[in-house]
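As structure tokens, here come the structures.
Paired with chain B in one complex and with chain C in the other, chain A is shared by the two complexes that follow.
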Partner chain A sequence: MGSSVSHAAAPPPPPPSPSPSPSSVGLAAALPRKQDEKAEPEKVDWLNLPCPIPFEEIQREALMSLKPELFEGLRFDFTKGLNQRFSLSHSVFMGSMEVPSQASDTLKVPTAHYEFGANFLDPKLMLVGRVLTDGRLNARVKSDLTDNLTMKMNAQLTNEPHFSQGMFNFDYKGTDFRSQLQIGNNAFYGGNYIQSVSPHLSLGTEIFWLGHQRKSGIGFAARYNTDNMVATGQVASTGIVALSYVQKVSEKVSLASDFMYNHLTQDVTSSFGYDYILRQCRLRGRIDSNGAFAAFLEERLNMGVNFILSAEVDHRKKDYKFGFGMTVGE
Partner chain B sequence: MASKASLKGKGKAGKGSKASEEGSSAAKCVKEWSTWAMKKAKVITHYGFIPLIIVIGMNSEPKPQLYQLLSPV
Partner chain C sequence: MAKSSASMEKLKGFLSSQINDEEKWALNAVNLPLLYFSFTHLTLLQKLLRAAGLFAASIVLMRNFGDLMAI
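Let's look at the complex of A and B:
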């Protein structure tokens, strides 16, 4: 709704202009004239490259296809719109949540909670707040200070002392680059920068510094996309290499694969998944190199009523998670 | 232990340490005030963020009615 409008404010990629661009750039300059009739390769306007995807969303197609929000138990979400911009949401969850533990197997803790949320979505200001029955608050604020400068704030506040987290982001969007500055609690400072190098390729870099633990890191990322595929790669000084590839096979089907290597723990994970976006449902499935497979189905029963099924099976760890739920409202 | 050693050090250094002590206490003051401000800000945000969204939302156009906040329809 409102948030998509601010994304649309990014300048659309201009059509390749016939104006004289620097020589020996476009393929049309090198090919003989006859081939112009068949398939005229577009001339690249190197001075007017499109604005790249924000750095943190560089793998968003792969994440959307391969990492749906799997859950175990019952989930019910109700969103009530009072206004075009203002809505309240009520959400009930009863089931097990995984708590990461030091041992190799994760702990499953049965939890039940009710979450109340309020959203205000304006093209220039977005406020999202969610509060749980145990007093935890998730707050997100996004405000467009000018056409190119955006401020975002993200906070998780708890009643227990020293467990709250907050982060401020300042984003600046240029014609063919984006830069971001992050300031978080525990003296976390980070920044990233991504630049369009060609109409299909963008390169980015990020750097962060943790004050309390005196750790710093630097990372590089690249994203190559055409109309039908997206390939990304990320390397970080924390020893992580992540590659992903998404291919859009047709309007309704896309296939995605993902590879992650952690040099410090010598851990390699690879996964392969599919994403079917059909008229009445969206089905995502994936299989992992750890032998786990998962599926997530969202079926549209009626206008605004969605039925959700989630399953994750890991025979090696003997972990079976099945969940079902309903989402009412937009 | 540590406090006795620091008292000894203060006695020996004399005037020089007083100047640095004032400088460091100003920095300490700033740090204390900013910690106090952050704690208050955290409590205010914790209790006031969702009411703030509701107030902003109820005042946006077109104004929703009050009963719509509570009724499930």
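Let's look at the complex of A and C:
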């Protein structure tokens, strides 16, 4: 008790100094006790480990910093809240979109579309719908059936036959684990499980089965996080190895690096990036092992008005993408 | 100055002998595209080493010098 009072009043003592200052002599009895307390490691309550983050979000910090939504062209988003739970959104996009083609190079297709969206957000129910002028419909439902059980549904419907997709997810959250069951169209069945094994380490596994193509796969993931860093690793039988490392340098600055190896396409890429979250703007930039670099800036001009700049340059492929846009509303 | 001008003359003479001679040109012209190809089209091992090197070096830099980027 007396030691805590003396800690509040006393200046920090110099570490092992042969002649301690006169002001700290009177505290010599208390100070060694504080240093002993610091040397003891915190005891781990193995029966009370924290709940891990969901398996599909295991690399979320790295994805948020290294994979911003880069675009080429003009983008304008307007969100209008009608009441506390219901809002409408209007989005216009004019520019080029990349379409994966048979050859290794991607194909750029000039596109222009308008997207109308409606969102209903309730603490236990979330409904999001988007319809585009090219005939696509996206729908998402998230419902908390109980405190621990959540049901999610995603659907993407298109005019083109055999291109529509739908997926149901059932998530169960335990005290120190999470599990998920996925059922999708084309006879897709999947599941994943992630368990905290220590206060900082969680291990997970996933498995999937594609009925129509008679393909299955299994994967393993690990995540180690402390207050300042997050390191993750994922390996899948589909021939993918993905590693990531994020260092939280300060409250406003994060540095991230990731490594991805795909055995099927014989492709390996690594990137290093930064993420500055400031009061008036958010700036993200990265450079990757193929020599391409990108940057994404979101500047808050006013309350609810953001100006966006996006750039991606690849001198080797002679691919230059620049975009600008504005978002209005929360 | 005299030495550098003499060496420049030697270099010019060497280059013109390589370019203007038909046989030498055929030899060099075959090698040049191959050399360019080897720089632009890396093997998988080279790509792997480059990516792994960038990943490892960036982690070392982040852990040791990351504080320099803080604001």
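Observations, loosely collected:
Here is the rule we use: the second predicted complex is superposed on the first by the 292 of 330 C-alpha atoms of A that agree within 3 Å, B and C clash if a C-alpha of one lies under 4 Å from a C-alpha of the other, contacts with A are read in each partner's own complex, and residues count from 1 in each chain.
In this text, a residue touches a chain if its C-beta (ideal position, glycine included) is under 8 Å from a C-beta of that chain, and two chains touch if they have at least 3 such contacts.
Bear in mind that the values here come from a model prediction, so they are computed numbers and not experimental data.
Of the two partner chains placed by superposition, only chain B is touched by A:139; chain C is not. Touch criterion not met for A:92: it reaches neither chain B nor chain C.
Contact with chain B, but none with chain C, is seen for A:164 once the two complexes are overlaid on the shared chain. With both structures placed on the common chain, the touch criterion links A:210 to neither chain B nor chain C.
Within the superposed three-chain model, A:70 lies out of touch with both chain B and chain C [touch as defined at top].
In the overlay built on the shared chain, the residue A:131 is in contact with chain B alone; chain C does not reach it. In the superposition on chain A, A:255 contacts chain C only, with no contact to chain B. Against chain C, the residues of chain A that register as touching in their complex are 229, 243, 245, 247, 249-250, 252-253, 255, 257-259, 261, 266-272, 274, 276, 288-289, 316.
Chain B contributes residues 42, 45-46, 49-50, 52-54, 56-58, 60, 62, 64, 68-69, 72 to its touches with chain A in the complex.
Of all residues in chain C, those touching chain A in their complex are 40, 44, 47-48, 50-52, 54-55, 58-59, 62-63, 66-67, 69-71.
Contacts from chain A toward chain B in the complex involve residues 78, 80, 82-86, 88, 116-120, 122, 127-129, 131, 137, 139, 155, 157, 164.
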